[in-house]
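One structure is given below, represented as structure tokens, and several questions about it will come after.
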Amino acid sequence: MTTTELTSSLISTLPGHYYTDAELFQLEQQRVFEEMWFCAVRAADLDRPGAFRTVSVGRESVVVSRNRAGEVRAFLNVCRHRGARLCTEEQGQVRRSFKCPYHAWTYDLDGGLVAAPNLASMPDVDRAAQGLIRVHVREWLGYVWVCLADEPPSFTETVEDVVAQRLGTAESITNYGVDGLALGRRISYDVRANWKLVIENFMECYHCGTIHPELTEVLPEFADGYAAQYYVGHGAEFGSEVEGFTVDGSAGFERLDGVTEDQDRRYYAITVPPQVFINLVPDHVIVHRMFPIAVDRTLIECDWLYTPGIIESGADISRSVELFDRVNRQDFDACERCQPAMASRAYRAGGVLVPVEHHIGEFHTWLADRLADTVQ
Amino acid sequence: MTTTELTSSLISTLPGHYYTDAELFQLEQQRVFEEMWFCAVRAADLDRPGAFRTVSVGRESVVVSRNRAGEVRAFLNVCRHRGARLCTEEQGQVRRSFKCPYHAWTYDLDGGLVAAPNLASMPDVDRAAQGLIRVHVREWLGYVWVCLADEPPSFTETVEDVVAQRLGTAESITNYGVDGLALGRRISYDVRANWKLVIENFMECYHCGTIHPELTEVLPEFADGYAAQYYVGHGAEFGSEVEGFTVDGSAGFERLDGVTEDQDRRYYAITVPPQVFINLVPDHVIVHRMFPIAVDRTLIECDWLYTPGIIESGADISRSVELFDRVNRQDFDACERCQPAMASRAYRAGGVLVPVEHHIGEFHTWLADRLADTVQ
Amino acid sequence: MTTTELTSSLISTLPGHYYTDAELFQLEQQRVFEEMWFCAVRAADLDRPGAFRTVSVGRESVVVSRNRAGEVRAFLNVCRHRGARLCTEEQGQVRRSFKCPYHAWTYDLDGGLVAAPNLASMPDVDRAAQGLIRVHVREWLGYVWVCLADEPPSFTETVEDVVAQRLGTAESITNYGVDGLALGRRISYDVRANWKLVIENFMECYHCGTIHPELTEVLPEFADGYAAQYYVGHGAEFGSEVEGFTVDGSAGFERLDGVTEDQDRRYYAITVPPQVFINLVPDHVIVHRMFPIAVDRTLIECDWLYTPGIIESGADISRSVELFDRVNRQDFDACERCQPAMASRAYRAGGVLVPVEHHIGEFHTWLADRLADTVQ
């Protein structure tokens, strides 16, 4: 059947080749992940000047660090001389400079070239021009967001407003005080599926009744298939018997200081395309960062955040972690079950979205705009 | 040297790139394996309604099953909604329907969409149009043959007549009562060679004297290099001291009921392109199915079939299995030895076929016809 | 920044895609490794007629052997009949012929077709035309060099003169009597980097002070970054406290018979593009052969050669082997650190060469000439 035959209850997904075409994936890396704001590392993981993390942003390795004034800086992880990787470790700490391990070209914490063997005998070398290539940075919600574009899009419009539009107001997210929370647990997932399957999965709850028994127990309205992201400002309500957002519905922790009565006993899910998912519940926040590394493979890092007091006290967070860890595994299994079928002739024109999934079409439109060969 | 210099004893093989070009392999998948009748699964492996097998046909995963009336049905293994694989197991049993594990879209055993969450609220959805995509099926010789083409070629012309032409008459195969036989042993081989090397190997016996000591012991005329498939209707005769088609020439079993005097003490090999080899001996039948999965990799499933009485009695079939298992391993080793050299400049224009191999040229012509860019 | 902005101290390297583009690598295989003289195997490893080695030259497998007269012969490792690999072992010994294990086509030690099943019944087959495809061979410095080109370039101009130009005179290499030395140790390295990164590394010593502590201890002038290959005829002098070219500067062996006073206590490094590095020190010689096998992977075989007397006596060569084995590992680690960054946007136009590296530019010019689409 072709898409023109679809009745009003059904709209088309993307055609299958969007999930399997390696060249299209390269274009997505270029136009999406290397041009938009990308949530790269947790700011608190850079706890002093010279602390650094290396992270894959699109097809680039980026070093994120702090300068001597404590400001966040990010650079392409490539020495300007002969192209060696400056940092090969995932994380580390330097004193006052990054020194290339090949020929000892040395850069200060703002990226400037400050030393190299024989450099004194090459007075014509412009140390500024030979500095590390800087990448734009922003801090928000306790994360460092980077952008590889020469002229980044508006952070407000492409990140902050997306969150505000989902929640209904700009203040709603502020209530959770996310940037003051502490990391309770981080779990990494290696998913053999295209990144768009992961986003599409996160955006709808039509599958919740089939694959998420624990989640629908806590959020009974999810059993009907209506997505948390379907209505602006709507958060799914906890079941009447449920005490907390935990794997068995048992009590969690005190609600976060700024969380309002309206927000209490509710779950909000937010997608910030292209690679961030945020889940808000009264006593903790869950942040997913996706790292697409191949057309059929996506790494996902998921952080569970609590008040510093809870973490310092050594309180048991395992029941809340286990709930969403199970949800994640159920979701990623589903994505991996779809990936191989994307190449089938049965999916050449794509599949269909039912009414409670129709808003995924907005993501497809958003993507088409990003890939269109025009000036932004 | 070029092919024009060849003397009459020698004709050319295909050029080397036919065995190494990944794009050509995709074209073969499309024009050969996805358009012709493909011997997919053993019919007896589907022993009741809802029993299913999943099998790779060309580049597609196909579910083969039986409906409630016991009739064989085959479908592309892709849910019409969001493209999840319906069945990920190689085999299994459902009660009355296939239910997608992602969003619970449910199809009856004839492929029709019969249920889905909220389906009642989508009355405009055409359940027939959203059913699983059906694939053509035929049963013959106890196997289910499928065809992915919209309009399959004639089964009689492309399968049955090929067997009849090799054996000389249409009745010859009937005598063996293959569809009444039982599976004695199945061995799977993972061969790192292009599927055409496997076919070409099977079609000639010029190599028998070099690599098949056990086989030439049983069939002395094979030592001279004349292929079983060279003469229409000819079966290679057992050596005078040989009692049965076994690894040591010891006695096998009673000859099959319908096998004639003419067929007794003879071995017949039949190639049904593109992916089936059949070996007939008086007391058992050996059927190979090839599954090409990459330009340089082919899976082969080989079944040894005996009368149900022999299998039920628990008689020792190991000596007849061992004979052809050894032949298979010897052949596949040879194919794997050729594969890497196909990319050599020494094989750019191909190699040569000696007179007892000239009939392989007919396979090359057959393939060229299939790949030609014309309506069949 | 673009290359036009570079000041006179800096010149450009090759653009990054030269190190990552798989198609360019195929062109290099064709125009460089399959057209130039290639140092393939050690002549002494072929110690009698019928002894053979198989070796990868460009994209081809080549059998190198000796005929009954003891002369070196080399052939493409492909049977002319159906393309089987003739020899799959890395080394071996045949009596008087190479017999294909598939159909028993048999070739004498000069490559002529001498036997095949049924060959007598095919009198029109030209045995000369169906012989193995011969490859040009030369012996020099105790190695067999092969060339796959129909018309090889001048061995004198492209190999011998390169060594003479580096050392200043043609006699300089002769003094070391390399072809009379014996193999003390062979170490193979599997380097995940493009072959050009390995050559460029070998050509400069700007990195020595950073990554080669043992080497700069023995050759103090290397700490200043001046490459052994920078001045014609110049050999780096041993430090005044150094007794020998060993990992701890302890004494090595007697100097080789022909080595002159001028050459004593000095280290000479020679690059013979595309794939040979030679190191000369007074008491031994180190020869590297590179085998590029993928755009990002290079195998390197390194031989340490001493007088036959030293090897026969069982003298301890471990301290001299350890020195350059450490240097090799330090160098190859650096190359592997560069490879992933070659794909970065930061290296799209390449990096820079400082004055003591400018001679690497000559290698780049040499390569450009080889790749240019003109008659040699």
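Points to keep in mind about this one:
Which chain is which? They are A, B and C, in the order written, and residues in each are numbered from 1.
By definition in this document, a residue touches a chain if its C-beta (ideal position, glycine included) is under 8 Å from a C-beta of that chain, and two chains touch if they have at least 3 such contacts.
The UniProt protein names, listed by chain, are A, B, C = Rieske 2Fe-2S family protein.
Just so it is clear, the structure is predicted and the values come from calculations on it, not from any experiment.
Superposition angle, chain B onto chain C, using Cα atoms only: 120 degrees, a multiple of 5 between 0 and 180. Different-residue interface: chain A and chain B share under half of the residue numbers found at their contact. With centres set at the average Cα position, the gap from chain A to chain B is 47 Å. Not a single residue in chain C touches at least two other chains.
Put simply, chain B touches chain C in their complex at residues 1, 5, 7-10, 13, 16, 200, 206-207, 209-211, 225, 334, 337-338, 340-347, 350-356. Those residues of chain B lying in contact with chain A across their complex are 59-61, 76-85, 88, 101-104, 116-118, 121-122, 124-126, 129-130, 133, 148.
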